[in-house]
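Pasting a structure here, questions to come.
Letters A, B, C and D mark the chains as written, and numbering starts fresh at 1 in each.
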Amino acid sequence: MATSDKPVLLVIGAGAGIGGHVAARFAREGYHAVLARRSDEEGLQRLVAEIEEAGGSATGTLLNASEDGTIEELVEHTEHDVGPIHCALYNLGAQIGNRALHDTPHRTFELGWRLGCFGLFRLAHAAFPAMVGRGHGTLLVTSATAAVRGNEGQHSHAAAMAGRRMLCQTLNAEFAPQGIHVAHVVVDGSVDAPDTLGKLLGDRFEAYKASKGEDGVIDPAALAETYWHLAQQPRNAWTHELDLRPWTDTPWWNDIPIGAIDTGTSDSRGPRSK
Amino acid sequence: MATSDKPVLLVIGAGAGIGGHVAARFAREGYHAVLARRSDEEGLQRLVAEIEEAGGSATGTLLNASEDGTIEELVEHTEHDVGPIHCALYNLGAQIGNRALHDTPHRTFELGWRLGCFGLFRLAHAAFPAMVGRGHGTLLVTSATAAVRGNEGQHSHAAAMAGRRMLCQTLNAEFAPQGIHVAHVVVDGSVDAPDTLGKLLGDRFEAYKASKGEDGVIDPAALAETYWHLAQQPRNAWTHELDLRPWTDTPWWNDIPIGAIDTGTSDSRGPRSK
Amino acid sequence: MATSDKPVLLVIGAGAGIGGHVAARFAREGYHAVLARRSDEEGLQRLVAEIEEAGGSATGTLLNASEDGTIEELVEHTEHDVGPIHCALYNLGAQIGNRALHDTPHRTFELGWRLGCFGLFRLAHAAFPAMVGRGHGTLLVTSATAAVRGNEGQHSHAAAMAGRRMLCQTLNAEFAPQGIHVAHVVVDGSVDAPDTLGKLLGDRFEAYKASKGEDGVIDPAALAETYWHLAQQPRNAWTHELDLRPWTDTPWWNDIPIGAIDTGTSDSRGPRSK
Amino acid sequence: MATSDKPVLLVIGAGAGIGGHVAARFAREGYHAVLARRSDEEGLQRLVAEIEEAGGSATGTLLNASEDGTIEELVEHTEHDVGPIHCALYNLGAQIGNRALHDTPHRTFELGWRLGCFGLFRLAHAAFPAMVGRGHGTLLVTSATAAVRGNEGQHSHAAAMAGRRMLCQTLNAEFAPQGIHVAHVVVDGSVDAPDTLGKLLGDRFEAYKASKGEDGVIDPAALAETYWHLAQQPRNAWTHELDLRPWTDTPWWNDIPIGAIDTGTSDSRGPRSK
């Protein structure tokens, strides 16, 4: 029996960055947020408490998403005991920093895939039947630049995220006509996320943010507005993919200007003229 | 001297579809909408009247955007006599239906470029200096599937829209760091637009819409919500490109299922397994 | 001790289609071909015999590429006992036909990834160090339309092939400057491959080929010419990605014409005017 | 009456770089090359002489391709008086170096389109009917990175080249099934082309080439091999698009490594982890 009449937002990967802010945004609109993350019970309860203090409703659970059965059980439990999952957010990252091939062991590459791609497949497997039964549902997928191009050192991350992106396309092809909105969000800039980027950079995090200048790092609360907008689009006008980045960030398809020789070529790209 | 303290939305291509609905949406939020379209003074005044009846503010003008000087004068007049253009919407279409190469004369191809690509360049040329001076501005560009792939019969349209898309990228590269948000919206489905699709299909328009099923045609009011959202994104999280289509429409990158032989191949795409 | 002074081509996925024809093409130019495939010892020996009858040099082995250690041992054995791997061809398919999500079990999705993506990672891991040591090498990767877009029913295949494609980009980024040419070949049409498409279609294979018309199915010998060309490109002009299809096949980015209503729209794609 | 029984290669944009080398390569295989370029009669006659000294056959003409009627007359004259155009190469560049928007006048933008896009449309218009009549033909199109992404300062070039690319797709969609092979070659690196890059860089050309390192600039003779290969592909296995660059060049979709902070993020790209 559901504990609530509220529609449910299920967040896989609920840190203090995107996951937590999307949860808070949906909770503000009357959703019950179910927050799942791998570790840090204290941080998890802080997110739940913040949502409740703002008048919203949320519950949280620690979960090792790379382990078989975990996502599946959470979905079943949520649907059965909490309420219908109207929207699911797959927000797990798989970034491990830049690693040369010889420094990317088989198990690292496989774990990248388990978190970056397979977990999303498992979530869809578990959550879509009930959504199809209800005739509607939304799957929001946080993604990264690595989903659209493979940079040096990103073997594990790029292969996983490309699979994630293409899986969003196959899911959309099968399930959009059944009422499920799948949206793939290419986050092409650094996010002010203390639990991920913050932990990776440690002491250098504040200096890094300062180096990006004013509004040079994505505010996860701003991202959450766009996620909310996507979930509100009526089915006659669904967005499947969009990108986001700070105003001062070079999009992934552009070069960082190097200003070497300021001219161009007739045949092709030359110095600075790509 | 400006006639109003309101921020201005300038719409190039203000029919009863996307252009008119975006104008109404922004007017509802306190913008003064300047509507420009090629013909149909009566239809134009109807849009203005509707906005005013809803408590908003708008003015309209007929304009041949393919003629040198027209967009330029409108921008200058608006900035000088109406108010600062905070947001411009370039919404001119260049679709002429499917035409074989031999049925696409030189002047048709050139006109497609003048409306589909050159007009946007001219608008940016005219409107961006003042935006840069103010440190902010938004350029919303309606675009089409033809901007990302060239289908049979679309010589003029695809070449023009591809130029439009790439121009959005070059404008973004130069002007995003100067505070101007450029967004390219790939409308990948039919819009319930009486002035464009409606006129092309004529008597068949209602039957066509019915054939697409429930919510099978994009409601321009729904599109307008997404345009409004784009214009509201803070500069730390700007979207440059997104797509939209009805839930039942096959995205451009997918095949329309033909169901011939339901199998696949190991080497490559086979029947129905692309 | 190497058995031969010849440069070696290593083929992972050596059926009677692309793999066998590329092997024969390289053998004709003086390469020793090492052919590896999962099953059919008789078919394998037939390929070896054909190459030898034509005056070339080849050896073959059965290999379960999805099993840890198999590719690794083959590479080590080849480098040690046969000769330096100048070129490796990763030609394993991962197509299982169209399957709805509920008909795509977890292990199927995982196997798709093991064959479609992880095996390529393992091959690069095993083969690149020696190539880097020699200052040159080539990795040819057969790929499919599913690497660039996800169609209905292709969950496993598309997620795996997208990972394969992006992995080619990360490998290229790290290893091109070390002298290794990585080329990703998007085969966007049906191949006349008796061991894969032929087995999938069975009795219908000949009828299927006939239905495609004259030159309507890719001849693997023609593909082999392009693979050979790629391997011959000097390092000042390397191709990383190309596509191929028969003249009568609709490219993946185009619609199959449906001819419903022959017109277009101003706002966007309309009937037949994408 | 044709002056020759040889098949004809028509080159629009025949400088000492790609155009001249492709002409020489085809002439070596028995084609008569018709070379057209805007200026430098002496340079043109040198190319013709070199081809003839190598035992080949060629003629040359100066031509202002941006002027209406010029390409059309050349095609008609060639078909009527020289021989059937089996292959046409559109090799005109439209690069003008990096220019800010305010430094890109309307006429510059228009000229970019006339050379980069409209000229190709006119060539297809003029040359395709005879090819269709013969049931075969090849159109090779040299293109640039600007066709696939718009970088800062490239307003004119990118908008023109994007139109060129999409036009290749629409031409392919209509004419591939009629036997015409259209190939779009994305040259993603600097070419050792004295007439274009050489003239732009002037005195700095040799220093620039030296700065790129060994084999760091594309040899147009190497490019010509790939163009020749494309023209030889049988119609069951046609390539529509490929890219090329030197081994040491960063592909357009990758960042130039900046090495600032060597880590990554979970949410998205972080420093050096795009």
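Quick note on the criterion: a contact is a pair of C-beta atoms (placed from the backbone, for glycine too) under 8 Å apart; a residue touches a chain by one contact, two chains touch by 3 or more.
Because the structure is a prediction, the values reported are computed rather than measured.
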| item | value |
| --- | --- |
| B-C or A-C - the one linked by more C-beta pairs in contact | B-C |
| Mean-CA-position distance for chain B and chain A (Å) | 29 |
| Between chain A and chain C, centroid-to-centroid distance (C-alpha), Å | 32 |
| Intercentroid distance (Cα basis), chain C paired with chain B, Å | 41 |
| For chain B, residues contacting two or more additional chains | 146, 149-154, 169, 172-173, 189, 218, 253-254 |
| Graph class of chain-chain contacts, one of line, ring, star, complete, other | complete |
| Complex contacts: residues of chain B adjacent to chain C | 15, 17-18, 93-98, 142, 144-146, 148-154, 157, 187-191, 193, 195-197, 200-201, 204, 208, 218, 252-258, 261-274 |
| Contact footprint of chain C on chain D as seen in their complex | 169, 172-173, 176-177, 179, 181, 189, 215-219, 222-223, 225-226, 229, 232-248, 250-251, 253-254 |
| Residue numbers on chain D that touch chain B, as the complex places them | 68, 100-102, 106, 109-110, 113, 117-118, 121-122, 124-125, 128-129, 146-147, 149-155, 158-175 |
